[in-house]
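Sharing a structure with you now.
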Amino acid sequence: MLGDFNVRTDLALEAKESFAEDDVEIRGVRIEEAADEEREIYTTIVRIETENGARIMGKPVGTYITLEAPNMSSEDEDYHREVSEELAKHIRALTGAGEKNVLVVGLGNREVTPDALGPDVISNLHITRHIAKEYGKASLDEKASLVSAVVPGVMAQTGMETLEILRGIVRETAPQLVIAIDALAARSTRRLNRTIQITDTGINPGSGVGNHRDGINADTLGVPVIAIGVPTVVDAATIVNDTMEQLVDTKEKRQTIREKISPHLNTMFVTPKDIDETLKRVSYTISEGLNLALS
Amino acid sequence: MLGDFNVRTDLALEAKESFAEDDVEIRGVRIEEAADEEREIYTTIVRIETENGARIMGKPVGTYITLEAPNMSSEDEDYHREVSEELAKHIRALTGAGEKNVLVVGLGNREVTPDALGPDVISNLHITRHIAKEYGKASLDEKASLVSAVVPGVMAQTGMETLEILRGIVRETAPQLVIAIDALAARSTRRLNRTIQITDTGINPGSGVGNHRDGINADTLGVPVIAIGVPTVVDAATIVNDTMEQLVDTKEKRQTIREKISPHLNTMFVTPKDIDETLKRVSYTISEGLNLALS
Amino acid sequence: MLGDFNVRTDLALEAKESFAEDDVEIRGVRIEEAADEEREIYTTIVRIETENGARIMGKPVGTYITLEAPNMSSEDEDYHREVSEELAKHIRALTGAGEKNVLVVGLGNREVTPDALGPDVISNLHITRHIAKEYGKASLDEKASLVSAVVPGVMAQTGMETLEILRGIVRETAPQLVIAIDALAARSTRRLNRTIQITDTGINPGSGVGNHRDGINADTLGVPVIAIGVPTVVDAATIVNDTMEQLVDTKEKRQTIREKISPHLNTMFVTPKDIDETLKRVSYTISEGLNLALS
Amino acid sequence: MLGDFNVRTDLALEAKESFAEDDVEIRGVRIEEAADEEREIYTTIVRIETENGARIMGKPVGTYITLEAPNMSSEDEDYHREVSEELAKHIRALTGAGEKNVLVVGLGNREVTPDALGPDVISNLHITRHIAKEYGKASLDEKASLVSAVVPGVMAQTGMETLEILRGIVRETAPQLVIAIDALAARSTRRLNRTIQITDTGINPGSGVGNHRDGINADTLGVPVIAIGVPTVVDAATIVNDTMEQLVDTKEKRQTIREKISPHLNTMFVTPKDIDETLKRVSYTISEGLNLALS
């Protein structure tokens, strides 16, 4: 079980796996898995259906779709197109039919490479709301959504909670749906930059590379919030803890170790050295998925 | 007189100069000039006091302070410090005494070099609001303002009017004052990157490199708006027109010329080739002026 | 005829057009035109075959291929792919058959938007030389070239002539071919960001947005140099001059006008306000053309 | 002792400390320490004087000056100025008296935040070589060096070894001295972004965030190379190993642990979440130190 130590994952899939050794079913949590071996895209859907499930999983009630795409960090354009299409399919399923007024939010810090996923996705997005406002809805494809976007920045840059900024913009521009893009923390380095999580629960406290303090979700914004995230970092304390867990055999010793891990590590993250190249591809794939789903 | 042609300046100083040949006093407009020869900083204050003055000048009633600092594009650090201090003095005079809750807005497009003044200024600003919120006002200097900041982006990037974004943020975070930084269009290339205009009238339709459609001012935001601008471009149509005016002698011919200038030029601007280096210095000087005024 | 005034174009096509009114054939210059109406790509090949032709045209002896692609600044991905393929075809024809060791050079200043074409193209290029060096040539496709790339920066950033930097790198890494990408100055605003010029003459003094002083060509580097350029700016003096030419009827008056145009304008350029979005698409199209031609 | 495991530090100071428990003197290695308590700058000079010392320390013979400046990541401008002056003093001492022709090299990847130190330092440097070439040496201060600079990029971007690029440029432009700036890997997270190492040994294989394979030093470039580095990351394998070392008591167990640490971690690094803000200040401080030393 996830202790009160700083072991952290933003992936529902990994929260589930921490119980895997017991092979128990968790009441209130349903799992579906699908492997598209030919396309090498693996899908896991975690449905947290009850408050009990939510408590155990440490994540709100809702649907968490995880696409694992092992080659997503490679240069293969056809593969990326397939991942974009798969992503678009899931976004459409979560958003429901018909065009919408959608605000896409690029969370994170554009100045810190592994946290720049959100801003990078926005920069390749097809923005249409102002065109429809100026030339009429007829200037767009019939089923196209009206897309607006914002990169709110992080608190050290703005002095404001991201939620404050978004709440203001949502009230003023009245989108029917918010889609928030964010870089996530995973527990396993193997998942970095090859996994996409799509959830209808929004962004919740403690998630994201920068560790949001306030949730960005239907409760706080007043409109549905879909969150799309890719794990780009592992918390430094988590990586030390997890390596130790594999090596140390008694429960007491583990507890001792946890207590000794420097709290200093909580302000640090672990990320791959080639994060720049990888993220360029991944963010483009997500932009294309959104462009497909919303146009 | 400024015709209905696309001759455009965001500087009150230049709007005034277009009457200079007549050497008339304009009713409702007062001018004060001060030259600090030693420091090479020249100050002109244009006060538009009546609606008549506003109509003739093509600018709202209010105070327009222009600092001309011929060496602002050079590398001299001491000179820049003096300009920052001069700027801080004027900001303090316009904002009144006592600490404030201030939202600084970096207008413009960070991807287009001469339009990136606003975003660049924000990146060197001391942001303090979140610190005071977290650790209490006592964690800051006694007279320091609470500073928050935002870079809203431009409509092609967001699909939203800048005003929509700012109105939302202002309602949510309730600053007592907004300071908007923007790159401006001048009429004369000689003024580019060496002139700072400070005004208590905010940003008004048609101003800024990107030509805002909605005003960002006390009327539209509900709080006082101070605008700080530096001309970084001349509109291409303006430069063609003005060069012609000097060369052509009859009023009829001028009219003919204006009609023939390609409307295509209205989507173009003129800027110096070394705009990157110059703007880096100028934006730093303005950041420092704000940091001095607000801390 | 191009006077000794600062009317400047880096496009052979436009140099030719300045004679068009006379409809003369220039000895030593051959022109071929091809219009692919369906794909909306228009090709002009200017072959300067003699020193006489070179003198009149103000460009070295060689082949200048111009692709005019009116929709290149739009978002249509299929269209961009077609332009990339057309570009690849011409690059392959100029480089000859068989794999090569190719150094691609991204000229220009990445900090000035319309001058960032070269650096932007490099950032989407598939770099392979180090892979072949590490894992053997067999790790690449059989006919793939070994691609290396450099963004040398501009003189204000480096203190060095670009030629000095490139000459050093070419001597050390011994490529068989250099491909230089550069933003160009056109004479007509209508050509900006929708025209690609490919030439086997390299980059010659006075070309490029930043106006190179030393040529970057087979003479100065010792290996063939193909240059690929897109006009992104018009010189400010040129735009003023050309607009005037259309309006003023006598030759004497034109001469007077030229003399009066401020030399100050020579340090300024004219560029479209949406240069950021347009250039992102154009640079991607050129990267893809190079990736197709070299892989 | 540093094992053959991936425990890595680019700081001579830390290499020394790994022997500290034994409190032995290492033959061939001399240490001087100086604490400026008032200014809070702590200096350690490690002189590796013999090949024996070099072998034990795992670093070439030469002088390694380490400035520890605990407040370097804070906003205090006066403090930064003092660090710049201290740095300038050491650079001057290592370079000898009199003006020089100096090439400053910004190593690392500008797209990966903690590796962007080198490129960031270059962007604030006063470049003068081209001015002296154009207007004569008299246009600069009498004792000013001729400064040129280059950001060569990393192998994944260029396909070339950094050494190839630099060797070419050095041959072509003949500087008398190269100063290379690079982000380093430390062993302790406490040292990140508050330590500057200055050495006359250049950059050696295995150092730098990106782990250079070829040395950049007097042997390989043919001119003296001073390297200035700041540790911005800890290798992920190192952080796991070191935390364990503190917790595990027997030598055998340590060996077991080392063997089990995933080799995957070798492609990962650990860095603080606020690396963007910190690095902006640190790189500016180093630029200013260089500007003082070279002007």
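Here the chain labels run A, B, C and D in written order, and each chain numbers its own residues starting at 1.
Throughout what follows, contacts are C-beta pairs under 8 Å (C-beta built on N, C-alpha and C of every residue); 3 or more make two chains touch, one makes a residue touch a chain.
Here the structure is a predicted model, which means the values were calculated and not measured.
**Student:** Residue numbers at the subunit B-subunit C interface: does the shared fraction exceed half, giving same, or fall under half, giving different?
**Tutor:** Mostly the same residues form this interface, as more than half of the numbers used are common to both chains.
**Student:** Quick one: how far do you have to rotate subunit A to sit on subunit B, C-alpha fit, nearest 5 degrees?
**Tutor:** In short, 180 degrees.
**Student:** Quick one: subunit C and subunit D, Cα centre-to-centre, how many Å?
**Tutor:** Those two chain centres are 39 Å apart.
**Student:** From the mean C-alpha coordinate of subunit B to that of subunit C, what's the distance rounded to whole Å?
**Tutor:** Computed value for the inter-centroid distance: 36 Å.
**Student:** Give me the residue numbers in subunit D that touch at least two other chains, ranges are fine.
**Tutor:** Those would be 156.
**Student:** Would you tell me which residues of subunit C are touching subunit B in their complex?
**Tutor:** Listed in rising order, the residues are 109, 111-113, 156, 189-190, 209-210, 236, 239-240, 243-244, 246-247, 256-257, 260-262, 264-265, 267-277.
**Student:** Inside the complex, what are the residues of subunit B that reach subunit A?
**Tutor:** Subunit B reaches subunit A through residues 122-123, 127-131, 146-153, 155-161, 164-165, 167-173.
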